[in-house]
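Next come two complexes, and both contain subunit A; in the first it sits with subunit B, in the second with subunit C.
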Partner chain A sequence: MANIALQNIAHSYKPDPKGPDDYALKRIDTVWEDGGAYALLGPSGCGKTTLLNIISGLLTPSEGRVRYNDGDVTDLPPEKRNIAQVFQFPVLYDTMTVYENLAFPLKNRKVQRSVIEERVLEVAEMLDLTPFLKKKAAGLAADAKQKISLGRGLVRSDVAAILFDEPLTVIDPHLKWQLRRKLKEIHERYGLTLIYVTHDQVEAMTFADKVVVMYEGEIVQIGTPQELFENPMHTFVGYFIGSPGMNFLPCTVEGNLARITGSDIPPGIPPGTPPRIPPRIPIDQETAALAEKAEGKLELGIRPMFLEVHDKAVDGGLPVAVKGVQDQGSFKILTLKLAEHTLRAKLAEGKTVPAEKAWVRFPQDRIKLFAGGRLVRKGESKSDG
Partner chain B sequence: MDKWEDNKAWFLVLPVFVIVAFSAIIPLMTVVNYSVQDIFGPGQRIFVGTEWFKEVLHDTRLHDALWRQFLFSGLVLLIEIPLGIAVALTMPKKGWGVSVSLVTVALPLLIPWNVIGTIWIVFTRPDIGLFGKAINSMGIAFDHTASPLDAWITLMFMEVWHWTPLVVLLAYAGLRAIPDAYYQAASIDGASAWAVFRYIQLPKMRGVLTIAVLLRFMDSFLIYAEPFVLTGGGPGNSTTFLSIYLVKIAVGQFDLGPAAAFSLIYFLIILLFSWLFYQAIQNVGKGDAP
Partner chain C sequence: MKGTGAMELVLENVDRIVGGEIHLKDINLAFSSGSRYVMLGRTLAGKTSLLRVIAGLDPPTTGKVLVDGKDVTGVSVRKRSIAMVYQQFVNYPSLTVFNNIASPLKVSGADSDEIDRRVRHTAEMLRIDPFLDRLPAELSGGQQQRTAIARALVKETDLLLLDEPLVNLDYKLREELRIELQEIFERRSAIVIYTTTEPTEALMLGGNTIVMDEGRVLQEGSTPHVYHHPASVKVAEVFSDPPVNFISASVQGGEAGIGGDIRFPLPGHMKDLEAGEYLFGIRPNHLTIKSKAEGDITIQGKVELAEINGSETFIHTRCHDAPLVVQEEGVFNYKIGSAVSVHTQPDQFYVYDASRNLVAAPPNITV
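Here is the complex of A and B:
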């Protein structure tokens, strides 16, 4: 059992890093609680595997310290830390049987034979591997192989955390959720800290209590799936979480109105055409005041499901052109054009689908303003962002 | 019979067939032809059936050459395979050292085979050779032209020096192909260096080692140029291997019939052993227990 503290971790693969661009990880400082199920979510190349390898000890960070329960483990090799890791592709010892594979980490640690047998049988039972124990591991299917890799972590009674590096990539879709459920079950039964790297938001959301969203070598937000969805702290979180992602409109703030910017005259319209009045969206007074002071490019964000779409002109509705409808079964996704900006809206089943022209309303309490990519927040000090 | 036109496709195979015929089938059939006839001169021949085969199979000098050959190939495999793996394991995995060590290791492979024999003759000569002179002046009598043991030692050194690099290159390629995750998992599982070698590196090298064993067995079983240059099969008959003996019969004595029969038997032995090795290595670590 361990909580894991990352203190000012930064890592560069170059021997002599100059600017921030040379760093794969830029300053990470956070504490992960004992017994939590964390998902590290981010696109390829955002540094999530690097971070995982730093936690497991396969990499030593260029800067900062890693602590397990206040014990500094930064310079300890992986076998001296009480962690296990499951890799993207199942790693097996081909020439051994399933039993020998599971017993291997214990055998290396000179555990008594009787204890080994007891642990292996228990873990095999847990992972439904009992019928295969006497078989060579090499001949099994990908999901069974991945379970063996997981089992090699579970057999060690001293293991505090299990790290997963995109472990379901090679698994058939219908087996994925079975394995994920198995992981949940193990998590509940043993209370281990689980850290799970993935670029699949569905996987992250269903697996984890807390999702750690990473972007360009930084942690941009740690939160429950609901927090990430409702309160993205960064435009990247808004864009990456949810399908489709959040709508973003570049804007400026005038009083309590957000004025949507962009070229007011769309390309293709001959010069001399009178400029159209740019759309304005009323926003919260306090947020507007903060946004006016904030540095960086201002953007207004709203989730597709919170956009109100009407097929008739309504009070405060902005006229938009309907460019496309995508039927997703239980809901529809509309592609809308507001001036030259594209918006997506989620329309619940049964609602009338407007043809060609529609009016959208931005509910004030659902609008988020971002300055330089970061959320403009009222009445809070910056903390975990 | 309405499919007749389609059979013209067979003509597409013709070029390959012609090439293979000239490169393999016709020469082989010529040998088969010689092996069942007694040839006195152009146009003068009689069919003798299996007589040459019987004669060759009862030739004690051939038996001796055969055992010598097995001993030689066995020693070659016993020394070169472990040595090659050991060298490959110590070679650098990245940086400038990789190309330097690869080129250095590969150098002996680039030298023509008869030149290698000559190099080692000069190297081990007791009067002027660096090695021969040095070891003789230390009081150890060493002369590969006089002592059969010395001839064998020299031959083995030459062979190991010449061909271990091939095993090194193959083993190195096999090692480099192992994904990092295996080493990482082993390190998390607390595996010792020996366990990593035994359970990861060796099983993962099985494919390339199969090739290495096959190539080294066949090449050493067919060895001709180097011992021919170095010892000429002597002293006495102590280093007369199958191919040297074969050439003595065919070219030295011009006994084409027995030589042809000998060649065919030689060919079958190599085929048999290659197949046995292949089967043996492919089956290692497979076979599921029920």
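Here is the complex of A and C:
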């Protein structure tokens, strides 16, 4: 087991990188705790697989050092790093039995036969593979095969970390949760450091204690699922976590009001028409003061589930046009227009769906302000981790 | 017959047996233009087989495919006005993205201004407009799939067939494209048939849903109707993610019993149930751990796993030896193995009989 330190890591696939755009990883400097379950989450091209390959040793970073428990492993190949890997597609010896597959890493290391048997039986039991031990791996279903790949990592007692690269891609949806549960149990039982790469928020948030959100070669936030949902540090996190993602409205701040900006007068209105009053939303005084001083474009963010939707005018409600309704069974998603901005709101089952016109309220404690994409926060003492 | 371009496609007693294996059985369906049809089913339910028969790529073993009453069984896709998107994207490797998308328009002899306008518009919609000059091999998997979708959408066809077109894309893109595809389909006069394994996708696309399993059609109808009235346990399982929860129950003397210790008077929609054994179906969003409401019954259980999808938490529990999945709005942490009380309202229960068919559905549903 090991903590993993990534010290000033940057990587470019180009031989002669010029600017930041040439880097797949821009600058990563972080320490992951021993025994933690981490998920690297981000869209394709965000650098998460590059980072995983640097941790596993498949790739040597252009800059920076990788340390396991203070030992520098930057230049060591994967086989010298005491890690196990589970890939997207199971890598197995098809002609061997399940038992032989599980025993293979130990046999290779000349472990005593009685120890091998003990470890294999324990891991097989844990993964519900005991009934298949004598079967050839070739004939098994995808989920069983993926469990064998995982089991081959678990049989080794010297494993520092297990790395997963989108391991549930080939698994049918209704079987996925069972495998996620197995991973959780394994984590609780063995206390191994687990690192899991995925572009799927469900996988990341279900699996990990800490989710590492990546965007354009950078880590934008490391946090628990709850932190990412309630306090996204970056507009990208707000957008990427949650379905649908957070709503964002460009704004300026005046006193304790956020004034939603944009083209106030729609085209086609004759000159001389008084300008419409842009929508204004009351916000927390302290946050407003911080936002006024902050640099970069200001945006107001609110999650779709926190927008209050009313079918008649209410105190403090802003009028919006209802553009669409998507029934999701247990809830509905409304597409609303506030001036020229699109908002999405989540409406619980059984609630009345307003036709054409509605009024929305922004509960003050649910509003977030972002400056230049970064969350404006009170009490700026906590570091980004 | 409707106005110009309107058409009706009918499948009549279609079976397809390959090497003694049933791929399709007793398929009788009618599709009309301007409507959307979602074929929902798990892997190997027969969705792709059915699309291929409709497209004329595979012949049925018995039965007919009729277009406006005319038999087109086995008439190839090339001779009919069909666009198809496959799960495994297919593009011309030596053509640029622009020319890939333009190819159906070129074949039909559109002028170059028209081609340029339509290709750019479609590419913008699918957010691949920055890549028009690239070759497919220079794109990510998701971008290649969007190129294939753009090629199918660039030209108006009578029939638009999409076989799990979003399956290889990441969830954020999938989430956004679902909304956009729904809007695109609404504007089309074609018959749109779309296959998926995902209930969410079916709900989002709306229109009609055809639920398939083991080569057969289990239920068809308007999407909200099928969702709210799943005619059998199997349909309820297929059309709910996470699946509907089922608990064995017995009914006697105006009361229902779950396990040994939970008894409650039958709510209105169950009043006419005869005494006997039933399965109660409860959707995950009708179970809650957080708060107990008036009239709730409470079942004790243990947490097996809390799954988080970004805005909701699905708590997998085991209660009375039955697995129950609870859906809570928001993101919460539950420790594996901890004890929980699960609350629910009996007036939200679906009731299935011994042959696993629906006998009572919750009343407060209008479709």
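In this text, the second predicted complex is superposed on the first by the 373 of 385 C-alpha atoms of A that agree within 3 Å, B and C clash if a C-alpha of one lies under 4 Å from a C-alpha of the other, contacts with A are read in each partner's own complex, and residues count from 1 in each chain.
Keep in mind that, in the parts below, a residue touches a chain if its C-beta (ideal position, glycine included) is under 8 Å from a C-beta of that chain, and two chains touch if they have at least 3 such contacts.
Keep in mind it's a predicted model, so treat the numbers as computed, not measured.
Novice: Regarding the shared-chain residue A:136, is it in contact with subunit B (first), subunit C (second), both, or neither?
Specialist: After superposing on A, A:136 lies in contact with subunit B but is clear of subunit C.
Novice: So, A:91: does it touch subunit B (first), subunit C (second), both, or neither?
Specialist: It touches subunit B, and subunit C stays clear.
Novice: What is the contact status of A:330 with respect to subunit B (first) and subunit C (second): first, second, both, or neither?
Specialist: A:330: touches subunit C, not subunit B.
Novice: Is A:245 touching the first partner subunit B, the second partner subunit C, both, or neither of them?
Specialist: In the superposition, A:245 contacts subunit C only.
Novice: Between subunit B (first) and subunit C (second), which, if any, makes contact with A:149: first, second, both or neither?
Specialist: In the superposed model, A:149 contacts subunit B only, not subunit C.
Novice: May I ask you to decide whether A:112 touches subunit B, subunit C, both, or neither, giving the answer as first, second, both or neither?
Specialist: neither
Novice: Specify the partner with more touching residues on subunit A, choosing between subunit B and subunit C.
Specialist: Here the partner covering more residues of subunit A is C.
Novice: Considering only the touch criterion stated at the top, classify A:104 as touching first (subunit B), second (subunit C), both, or neither.
Specialist: In the superposed model, A:104 contacts subunit B only, not subunit C.
Novice: Looking at A:83, would you say it contacts subunit B, subunit C, both, or neither? Reply first, second, both or neither.
Specialist: Touch partner of A:83: subunit B, not subunit C.
Novice: Quick one: in the complex, what on subunit A touches subunit C?
Specialist: 43-45, 172-174, 177, 180-181, 184-185, 188, 199-202, 205-206, 224-226, 228-230, 239-245, 303-305, 324, 326-331, 335, 346, 348-350
Novice: What does subunit C use to touch subunit A in their complex?
Specialist: So the residues of subunit C touching subunit A come out as 42-43, 140-142, 170-173, 175, 179, 182-183, 197-200, 203-204, 206, 223-224, 227, 240-243, 283-285, 304-311, 314, 316, 327, 329-333, 336, 364.
Novice: Applying the document's contact rule, which stretches of subunit A touch subunit B when the two form their complex?
Specialist: Listed in rising order, the residues of subunit A that touch subunit B are 53, 56, 58, 77-79, 83-85, 87-89, 91, 93-97, 104-105, 108-109, 134-136, 138-139, 149, 152-153.
Novice: Once bound in the complex, which stretches of subunit B touch subunit A?
Specialist: Residue positions touching the partner: 179, 181-182, 184-185, 187-192, 195, 199-200, 203-204, 284-290.
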